[in-house]
Amino acid sequence: MLLLGAVVVQLLHVALMLAAAPLLVGVVRWLKARMQGRRGASPLQPWRDLEKLLRKRPVLAANASLVSEVAPYVAFAASLVAVACVPSFSRGMLLAPVGDLILLAGLLALARMALALVGMDVGTAFGGLGAAREMSFSVFAEPALLLCVLTFAILAGTTNLDLIAATFRDGGLGLRVSLALAAMAMLTVAVAENARIPVDNPATHLELTMVHEAMLLESSGRHLALWEYQAALKLTLWLALLAAIFVPFGAAPAGAGPLAWVLGLAAWLLKMGVLCLALAVFESAIAKMRVFRVPEFLGAALLLALLAAALLFVSTGLA
Amino acid sequence: MLPEVSPLDFPLPWAVVFLPWLGALLLGFLPRERPAALANVGVSAASFLLALALVWHPGGVQGWTQVDALNTPLVVLSFLIGLTTAVFSCGAVAAERFDAPRLRAYHVAFQVFMGAQALALLADNMGVMWVAIEIATMASVLMVAVHGTPPAIEAAWKLFILCGVGIALALLGTIILYLAAQPFVGHGDDGLSWTVLMGLAARADPGVLNLAFVFLLVGYGTKAGLVPLHSWLPDAEAEGPIAISAVLSGLLLNAALHAVLRAKAIVGAHADAVAPGRFLLALGLASLLLAAFALWRRRDARRFFAWSSIEHMGVAAIAFGLGGPAGNLAGLVHMLGHSLCKSAVFFGLGHAVQLRGSQKIADIAGLCTSHPALGWGLAVGIAAVAGLPPFALFASEFLLLVEIAGHYAWLVLPVGFGLLTATAAKIHTLQALCLGAPTPDAAAPAAGRFEEWFTLGPLWLHLVLALLLGVALPGPLAGMLGVAAGIPG
Amino acid sequence: MLTGLLLCILLLGLLALAAVGLGRHPLAGRVVHGGCLAISLGFAGLALAGLGLGLPEAPLALPIGLPGAGAASLLALDGLSAWFLLLLGVTGACASLYALGAPAGPPRSLPPFPLFLAGMAICLAAADAFTLLLGFELMSLASWALVAADHAEAENRAAARRYLMFAALAGACLVPAFGLLAAGAGGLDFTALRAAPPEGWRAAAVLALALAGAGAKAGLVPLHAWLPLAHPAAPSHVSALMSGAMTKVALYVLARLLLDLCGPLQPAWWGVPLLAAGACSALFGALRANMEGDTKVLLACSTIENIGFITVALGLVLAFRGADLGPLAALAAGAALLHALNHGVFKTLLFLVAGAVAHGAGSRKLDRLGGLIHAMPVTALAALVGMAAAASLPPLSGFASEWLLLEALLAGWRVGDIGFQVVAAAATALVAMAAALAAAAMLRCFGLVFLGRIRSPRAAGAEEVPRLERLSLLLPAGLTVLLGLFPAAMLGLAAPAIAVLAGPAALPPARGLALTAGEGASTYLPLAVAGLLVASLVTVWFLVRRRSTGATLRGPVWNCGFIDPPPWLPFGDPLSQPGAAGMAQPLRRMLGGSLLGATETVLMRAPGDPRPGHYAAQAADPSEAGLLAPLARLRDSVAGRAERLRELTIRGCLGLSFGTLVGLLALLAWLEGG
Amino acid sequence: MSFGQLPYDVAHLFGGAMLLLSFMLLYQRRVTAVINGLAIQGAILACAAGWQGWVQGAPQLYLTALIALAAKAVLIPLALRVLIRRLAMDRTVDTAMGIGPSLIAGVALVALAILVVLPITAGVRAIAREDLALALSVVLLGMLMMITRRNAILQVVGLMSMENGLILAAVGVAGMPLVVELSTAALVMVVLVVAGVFVFQIRERFDSVDVSLLDPHRGEGR
């Protein structure tokens, strides 16, 4: 019975994520437009774009290799598996034991690698430039993420996402300075990982500033659709991750019934909405920074995370 | 009073000493090159076989001589090296271009030297030992000077003056040693017998023993090329016929160090005397460190390896200075291994020098490309001299470092540092000599295929023996070395 | 079993002799490498049998040994040595197979190869200090001959010289370390040494010497200067072996000394030096790998990085064991052993790929290759597998061991001391950064070599390597995948080794097919992950293709408006796609400047000047300027002073002797006076 | 025996005389005078040996005395004179260390010798002890001469006076086996022969016997 519940929750969760991903992107765009005083496209616009792109036939450069054909699927699959592991409206999903934060980082790295390979496949200036920058950003993002994980591991004694969420939910940790710091660091990393302002501008194709889009210049048709979808999934994943760790409240506990699921769903939608709003406000408020300032931006995150861990050491040392 | 444990009356030690001297007489009458060289080989072979018989000698004192575990291996080894050197010089003597008198002088001096240093090793009477080393010195002076070129004269003159003074001091030491024994033995030869002295050293006057040791150390230490008494060695080994360098660094140094050991044994036997090991240790350390750095400035291949002889003598001195069974064993293996490897290197190097017509390192590059057999042989030899495995010097330096780290940890730093610096220098030279683009051979006709084996045969034989000595010493020999390690105390 | 091992070693010796004998005979290469292949497989089989079926108890005494009575050499095979022997067998087999297929090198490079293998085997199987050092130095000497095999080029000679000097340094540090151990114990055999673990300053000295000695051979920062020079200088299969197996042998010695022979009672702070050295090595190696322009140098630098990872793991084992955290020690030990094996395999693969590329496309320089995936698909596939593993991407082998390592690091705070906690946190950050850097480096390497457009005419003529060579690439590639999928099984196999490192009670950190950490709270299920990935891949593919059926069209490159290539440049202007320096630019500016002293010079022409602009970038390893150069200067100045002694006239020399005599006499008078 | 008795006084007298002569050798500024001093020292050595032979009743010491008289008092000085005449070298001593300083150094060396010998050999018979002190001083002075005098002849002379000191010690020690005298004599002969050979060869090649001129021939050209 429990297993069945887990399976159902898992399937529902995946479906919800897949459905919500483009929507989230749309919502963020819509909110930003509103803040900039434009009417903005409907939040459903990303779905329409995907439809359109899927209908188009992809065109590849003459010297593109098999990599360009396969990579989109790999990246999408990796992100999908990652997303499937992040609890949304309920815990105790089928894949809960798999959902490990380090593994999550690994899957994201896999997707990133596929994207960068596509960027280099044709041998164009922008592709290579984008790939190089993307990888170098990750050099600073990964340690920051790992140090956040360290904080969680100290508090929860594990790197399993589901257990961490559970611990933070009912562990009665209360408000901790180190958690706040870790949250700041994690947000920063999320911004960088999703190529949002100020690290990168998802809306622009202005060559010299872009990172993420530069690698997709040669992609079209279903490949482009997959890439867009994958990006949306990644954004959703990060928002869900933040929600699951820092505001684990409202999510249905493992083995709960449908009613709890509905409540959890409502809570989750609320969290997502708030996060989208925050993101939109943040992105409208500040401007994109120069590429070589990004290390400082992420380095700050790194230090915050380290500080969080150190504070924990002190407190555990005192306790 | 003398422990006469000599059942057979045949004075084998004297025979071992006099056979080469008779050979010297014979060689004195052979003017032509090839027969003389072959006769030289014959004499050396005969005396080697005779020396081999010493292994089965029951040991003990015979008149002025004695045979024990300490000198037997040294004697056998030195005659072996004498034989291989004779073989090598058989192939190399042509290139030396001697005129008849020089040829005679060369061969005579060689055999006289062999006999003398055998006597120096086998003597029980310190006076006889001194005379033997004296004769060996004179012979080596002749051998170094035989070419008569200005550098050769300079080297020989230096060797003569410095070693002459050293010898004189050693004689004074010997006299004082007798002074220590005199109250107990009264008149007669016993007063200089090492065995007797060992017996009564514990009762003798410590002050006299100390004085004697200082003079013997300075005297024989000069012959052993210990810093700061080393100045004659590099020049002497770099001049004269190449075969001489092999015996000088392979045999003479051993004989001198052996004499120092005998003296150390006597003084060490007295409780209140100064610890002789410390003096030896200091000189050895100085030799190691100075040589390790001097090696980096060498441009002349033979001088380079002469300096490495100083370094290795220093290492052996350190080992003996530490004393104890482990230290002495390390020192003994080091002496033997150094003789083998160093003479092997001098064989290969000598051939290379004759091929290239120069002994500058810069002129002997790329042997592995131009003469693969010689080049790789020399490379392996230098690696062995550098203390790389699996040869004897690796084993001895291993023993030494383990002993030091175990009991004199403060020594690890200087010794390890010196060894490392020296090894690095040797690696440097090894690559400079053997690798890279070859320099052209001299116009002189290079040695033929057959002559080359006069070099390669001895070279590889020595290396194989060094290998056995290092990692696969046969049980009986190991036992003998073990006994020998107990003698110097 | 030990006799079998001994037999293999002897056979290797015979092969070396045979190689000398055969000389330039055309079949010599086949004989030697074929023999090495068989014997390597034998090693692997023996190790597997030992790990699976049980290890021999009593050591085997050899007829060789130190001069002096009662010092026979001993061979033995415990868990640790068996594990590394397995590694040696696998890498050796791959390398030999490649050498069989590859074009024959100079005959002088044949004899040392079996000796190289033999040296490593002896070092691994040794049960006493002398034999271990013997094998260790034999390994160094043989590999020196291989590095120097192509000694016509000056830089190869320099590499060989530096290599051998560092090997000598390693020996000179390890021998006293064993001596310090033997001081308390009766003999030099391991049982005696184990019986008397060192204490106090002795123990500290052993730690320092072991770290310096083994580190110099393994390429730990700051003693790594030889590695990026020596690995490329050797033939590819040899560099594969050096990088895959030899550095591991050095680490084996480190583990043997510190974790086995020094006894289980050493304090927890012992882990700190290893942790620091390892983390720095990982960071420096990975960063340099992003700067280098030569495939083999790049791979060598990534070797430094992985050695750093393993060292960090070993340090954690020491720390956890010192703090009585048995399970965590086992976790770290598992990480170290597994990563050693994984890196051994995939780094061998990558070096062989580099060799195949040099063979097929005629260059090792990133800027002269490109687009090879079209000409050499199999090689490209193998390379992709290897590089994905090196970039520690799930579900490949690199990620599994990396996961264990990170879990162990994340548990580092359990060692109570706050100082260690901070060190561990910093190490976590550095390791994570190094992993990301490695991913960047591998992407750069693969992208520049196999993707993009061709950069040189020679690369245009590239062709796939012959069948045997391809096979030798696919074998380690397959192993990499398998090791990635079944790490738990491997850990089960490594249980005896883990017991040696982390104490007899330690259990491997695995349950069923899953790797576990933190009392099983966090798990990694490689099979599940792989299954999910494949499943979702297939599903997505299926769905998408059902939705959009059109076949892919081919067209010219877009790139925001890309001009068609001029007729004289059929592949387009090479300068219009990123090169090695360009790909390295962001990291060079972000980290290189501060850590590697990287500098860039840009020459911009004046407007209207048709000549091309010029861009040059260079990075210098700090260990050159910071460590080696000062030492050399010191040596030269001291040597110069020593020379003054040589300038003396004969009278001066006599004065020396006289001074010595007088000094000694005065000393004597003083000693007896007071 | 003890202090104040004839044999001791005479032996001491001879020893003191030899030491005095060593100082004279150091003091002289003319080569010929140095050689004369050497001859006289040899003669005194002969007397000392003879006296010891009479005192100890050791006939072999007479032989030593004879050899010493013949070789050191007569033959060697003559040979050296011949050498000088043939080489036509300047008759003045050129010193590396001035006369005055070398005399002071000599005094210091004597002090050292006494310091080393007197306290330690208290157990040994006085006659040997005194002679040992003197002989040691003579040896050291000879060596000092070798390193403070530039030309080869004087270095040979220094070597010679060292040998004199040695033999003084040898004869002073009662019952010294004969082997030592023989070897010493042999040594002296060989020393002189070889030294002569060298000096001649050097003469042939260089215009002076200043040893330091040989050094540029060190094989390692810069």
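The letters A, B, C and D name the chains in turn, as written, and every chain counts its residues from 1.
What we mean here is this: contacts are C-beta pairs under 8 Å (C-beta built on N, C-alpha and C of every residue); 3 or more make two chains touch, one makes a residue touch a chain.
Since this is a predicted model, take the numbers as computed values, not measurements.
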item	value
Pair joined by the larger number of C-beta contacts - A-C, C-D	A-C
Intercentroid distance (Cα basis), subunit C paired with subunit A, Å	35
Centre-of-Cα separation between subunit D and subunit C, whole angstrom	69
Centre distance in Å when subunit A and subunit D are each reduced to the mean of their C-alpha atoms	99
Inter-centroid spacing, subunit D versus subunit B (mean Cα positions, whole Å)	31
Residue list for subunit C, restricted to those that touch at least two other chains	650, 654, 661, 665, 668, 672
Subunit A: positions in contact with at least two other chains	none
Residues of subunit D engaged with two or more neighbouring chains	116, 119-120, 143, 146, 155, 211, 214-215
Interchain pairs in contact, sorted by label	A-C, B-C, B-D, C-D
Partner subunit D, residues of subunit C touching it in the complex	647, 649-651, 654-655, 658, 661-662, 665-666, 668-669, 672-673
Subunit D to subunit B touching residues, read off their complex	58, 116-117, 119-124, 128, 132, 135-136, 139, 143, 146, 155, 159, 162-163, 165-166, 169-170, 173-177, 179-180, 183-184, 186-187, 190-191, 194-195, 198, 201-202, 205, 211, 214-215, 217-221
Subunit C partner contacts - residues on subunit D that touch it in the complex	96, 109, 112-113, 115-116, 119-120, 140, 143-144, 146-147, 150, 155, 211-212, 214-215
Residues of subunit A touching subunit C in the complex	54-67, 69, 73-74, 76-78, 80-81, 84, 95, 97-98, 100, 102-103, 106-107, 109-110, 113, 116-117, 120-129, 131-133, 135-136, 138-143, 145-147, 149-150, 153-154, 157-160, 163, 205, 207, 217-218, 221-222, 225-226, 291-292, 295, 302, 306, 309-310, 312-314, 316-317
Residue ranges of subunit C touching subunit A (in the complex, touch as defined)	370-371, 373-374, 388, 391-394, 399, 403, 406-407, 410-411, 413, 416, 418, 421-422, 425-426, 428-433, 435-437, 439-440, 443-444, 446-448, 451-453, 517-519, 521-525, 528-529, 532-533, 536-537, 540-541, 544, 547-548, 550-560, 562, 571-572, 576-578, 582-587, 589-591
